[in-house]
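Below, subunit A partners subunit B and then partners subunit C, in two separate complexes.
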Partner chain A sequence: MKRPVLTLYCLLVYAFLLAPILVVVGASFNAGNFLTFPPQGLSLRWYVTFFHNDVFMRAIRTSLWVAAVATVISGTIGTMAALYYVQHAGRWKEAVRIAMLAPLLLPEVLTAIALLFFVYAIGIGTTTMIGMVAGHVLITLPFVFINVSASLESFDPSWDMAARSLGADRLTRFRRIMLPLIKPGVIGGALFAFIISFDTFTISFMLKGIGTSTLPIQLFDYLRTNFTPEAAAVSTVSIALTLVVVIVSEKVLGLRIHRF
Partner chain B sequence: MTPMRRKGLGPLILIAPAAVLLGVFLVLPYLNIVVMSFRMPGQGTPYGPGYTIGNYTKFFADSFYLLQVANTLWIGLVTTAICLVVGFPVAWQLARGAMRFRALAYGLVLSPLLVGIVIRSYGWTILLGNAGLINRMLTGMGLIDRPLPLMYNALGIVIALVHVFLPFMILPIMAAIQGVDPSLESAARSLGASRFTAFRRIVLPLCTPGIQAGCILVFVLSLSAYVTPSLIGGLRVKTMAVTVVDALIDTFQWPWGSALALMLSATGALCVVIFARLTRMKWKVARP
Partner chain C sequence: MTEVSIERLTKTFGSARAVDGISIRIADGEFISLLGPSGCGKTTTLKMIAGFEEASEGAIRFDGKDVVNVPAEKRDIGMVFQNYALFPHMTVDQNLAFGLEMRKIAKPEMRSRIAEVLDMVQLGGYSDRYPNQLSGGQQQRVALARALVIEPKILLLDEPLANLDAKLREEMRVFIRDLQRRVGITTVYVTHDQAEAMTMSDRVVVMFGGRIAQIGPPSDIYERPENLEVAQFVGQVNLIKGTIAGAAGPGKSRVACVFGDVTVDSRTDHTPGAAVTLSLRPEAIELKPAGQGGAQGKVTARYYSGSIIDYRIALDSGETLHVQTFPNIRIAEGDRVSVHAPADGFWLLGAAK
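Right after this comes the complex of A and B.
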């Protein structure tokens, strides 16, 4: 190690970053009725409680459903927009970029409140999932756009011209040249969209209807009144779900995620 | 940049869905919320008939809300400053450190982003509570008699916010430092500049855009954070975002809530503009 002080400092910061997450995972195996330290023995009882808790199980299903729908929609729309941005936007390029990143730049609280009033103003309210899905698509769209346009940056227009001069039609050129190039970006963007949607709070909190709470909302409500380690078990399962999604896509698809 | 641009409306089909989505679910709602903030408060309904500027005069007339805005800005400012001081060395290490551990370290910085904000704030309540891990350990070691007040105050909120937003500071600064050619530093050193001078005159000005981006990101995010202040601050310390959301969820005062939300966002935007002006000026001064 060249600079021991700097290395030690960084290790401390990494410990700080991981501490609350590790504490939650550790607390979920606590056998006691409350979050006590040291834990009163190890047990999986809170996982059993959680798996028999219909409210939480329904919330997980809602979360996965909303995340899947939002990912498909924003993956499609975002990829198309990224293609336009890199290849056709011309002098509107900067304007398109800012518009696509707008949901990320605007405060999420304000967007959530504005959407809530809007769904009531147009008369659909929160009885359907339209408002919530629209909100999730909105906040995940920038991540798809960033990832796909980043993967298109390396695109050299002369490849397309070369293929054209060799007689390839438009569809073939898209399928054989463009698609392999943007594939990692699309998958990375969709992966990020899924995780963001699965974890997002404010949008879901404002736009939830009766019985359509997502997992973060249900967890938040639970934490306001309860102190049992069941919340830790719920959190651990949620973290594990995210990890599985990330690891599977990293190992199987070997992708790189661009977040910035 | 546009060698493939074609004439006609064909390519517009690519951008049309995004334009419609942003137009309907972003532009219209924002216009609507501005209008809403000028509506009359309702009696038993979310809003009444007619328009007024009363929601804004109420905001400026009541020192309670101005104080709360100041409080929120202060928490955001402190969070941003701590993130910068804590994060810069880590960004440096990530950008210039040994290759072997870089991927692992990068993963460690990114991993908190994959865990939901409710779960991370929950982790901090376990750590910081009066009967929490930290207080238990300190009393167990006999260092303190009474639990330290780490939660239900601004201190706890700042600790948790720093944790939540630190990656947003580290990543842009890391990217900026990676963009600075190390040979520039060597050149400055060979011309007799001290290590500190080389850093201050060469590296720091070159990675200012990354620092600016990180600061603005962390500041804006901490202003509009709801979950963390709500769980850690409890009922005692309320930030603006918590007040706004609670005003809407619990009391259904839509025009008032809209005005509050817009004032909070406007204040945040104003701070960012001031920050951008200030740092750009300093940057120019720093240049020879």
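Right after this comes the complex of A and C.
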């Protein structure tokens, strides 16, 4: 294939993928009362409405909180699992991998229903956020696991031996040698986890309690009865938040990743 | 400083004996090489000394103290790896500081020791570079510096020059040897390159299949190989068949071979008539134009390589010889030649164990 043709082809694919996002973002600046594209006049009125809407604000806080907690938990568990998988699993390696990736392979709705039964069976129910956080941890775990184990596979065992010969105990070696060297994988995995958690619908829908709607759920509720550009404003803010998380982590944490 | 004593050291992996009951006494400040073909257990031995592999049997003593149960991080060892194993996220300076920080050395002393060692490996201006900003030879010297800066009891090196090109490798040989002499540290060096082992070591340990075939100074290993295997592994060798003709004074035997009767050190009490093998190094042989005595033969091949010429000679008696000479004699392929071997060029080989 010739280059210009290839370029054009790529542009078309991107346009196809990105067009819906552009439409949503465009529609959010609508001055009219209905969700239309192209917008009928430009205005920020729907953003104002959105930022004054307590229900949405609470949903955003819930989403961020759940995503943050789920990321920390699945970041920790996923990293430990990857460490075990790469260094100690031995003949259980394949089994460990399948178990860790299972949430990715099963339909999310099955995972959600099973978990719902489970939290009621053990009496936790959905009055607390425990069930929902557990669900988010479950579906984000594979992403941390994949990223961290990929970076562990390229970790040279002789770095660890060198550190040992220099007198470093196990904890020091982990903190000063291994962690910095697998950091790109850990950060990448955590980013994925955060975004997946922030975005997920099914798990949150099944496991939410009263007043613990996440943003996607709240948006869904809203769209059942309303059709204003406020929905587009919510979506745009949610896209922006995701982008901010990615860019900030890249800038703050990523700088050191690309050093070597 | 430190004397290392290894006693009947054994390492088994399942039923395989990677290292099979080796014993070595390494004197304080000595430079010892473990030399042998791939898979003979050199790295495994080194790892047991370092503490990365547990010994299955036997003892390792540093200055008389058994260290078998001391973990690697407490053994106070400097180790240089084949792939250098520099920490890629740390600068040269941070790499060197790591071991000193583990030892809780105060900052000012740390600075001066790092500066001193970097100077020693001629990398004074490089302390802020990351490993990937250094050439292979420079990384090698940083690895050496990192191992030396902690002033360890023992320096262990596992094929540290294997990844360098030929010229740099020769430079580094001399460099490491000189440095080791100056620092006076007990050193164990693993290699499968016999020339490397020869030029650097006080003594060479030749290993085959997890066992020691011979220990001795390089000249002994080369000139007086214990057996056929050692002779063949350490440089090139001609094997000359002969029969014991009788005794020739105390400790000497007369052996009849294609070069006539030669006198050699008798190493086992061979009875007259016993078949034996003599070794004769290619560079010990002298070639002269045909008809000047000695064994007669014909040049079947000639390989010129600058400082020396290699010849293959087919003797009239049927044997093939490998000869190396300086290029100052002009003998062409197909020429007939007289082959002379000096009396002290022969060495009686023991049977391989």
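Rule of thumb we're sticking to: the second predicted complex is superposed on the first by the 249 of 260 C-alpha atoms of A that agree within 3 Å, B and C clash if a C-alpha of one lies under 4 Å from a C-alpha of the other, contacts with A are read in each partner's own complex, and residues count from 1 in each chain.
By our rule, a contact is a pair of C-beta atoms (placed from the backbone, for glycine too) under 8 Å apart; a residue touches a chain by one contact, two chains touch by 3 or more.
These numbers were taken from a predicted model, which means no experiment stands behind them.
When both complexes are superposed on subunit A, subunit B and subunit C sit side by side without a clash. In the superposition on chain A, contact is made by A:181 with subunit C only, not with subunit B. Of the two partner chains placed by the overlay, only subunit B lies in contact with A:24; subunit C stays clear of it.
Partner contacting the larger number of subunit A residues, of subunit B and subunit C: B.
When the two complexes are overlaid on their common chain A, residue A:117 makes contact with subunit B while staying clear of subunit C. Of the two partner chains placed by superposition, only subunit C is touched by A:172; subunit B is not. By the document's definition of touching, of the two partners only subunit C reaches A:163; subunit B does not. By the touch criterion defined above, A:51 lies against neither subunit B nor subunit C after alignment on the C-alpha atoms of chain A.
The overlay of the two complexes leaves subunit B and subunit C separated by a minimum Cα distance of 9 Å.
According to the touch criterion, the shared surface of subunit A, contacted by subunit B in one complex and subunit C in the other, consists of residues 259-260.
On the side of subunit A, the complex with subunit C involves touching residues 156, 158-159, 161-169, 172, 176-177, 180-181, 256, 259-260.
In the complex of the two chains, the subunit A residues touching subunit B come out as 1-2, 6-7, 9-10, 13-14, 16-21, 23-24, 27, 35-37, 76-78, 80-81, 83-85, 87-90, 93, 96, 99-100, 102-103, 106-111, 113-118, 120-121, 134-135, 137-138, 141, 157, 160, 195, 198-199, 201-202, 205-206, 215-216, 219-220, 223, 231-232, 235, 238-239, 242-243, 246, 259-260. Only residues 50-52, 71-79, 81, 83, 85-89, 98-99, 102-103, 130-132, 146-147, 150 of subunit C touch subunit A when the two sit together in their complex. By the touch criterion stated above, subunit B contacts subunit A in their complex at residues 1-6, 11-15, 17-19, 21-22, 25-26, 28-30, 32-33, 36, 46, 86-87, 89-90, 92-93, 97-98, 105, 108-120, 122-127, 131, 133, 136-137, 160, 163, 166-167, 171-172, 175, 220, 223-224, 226-227, 231, 241, 244-245, 248, 254, 257-258, 261-262, 264-265, 268.
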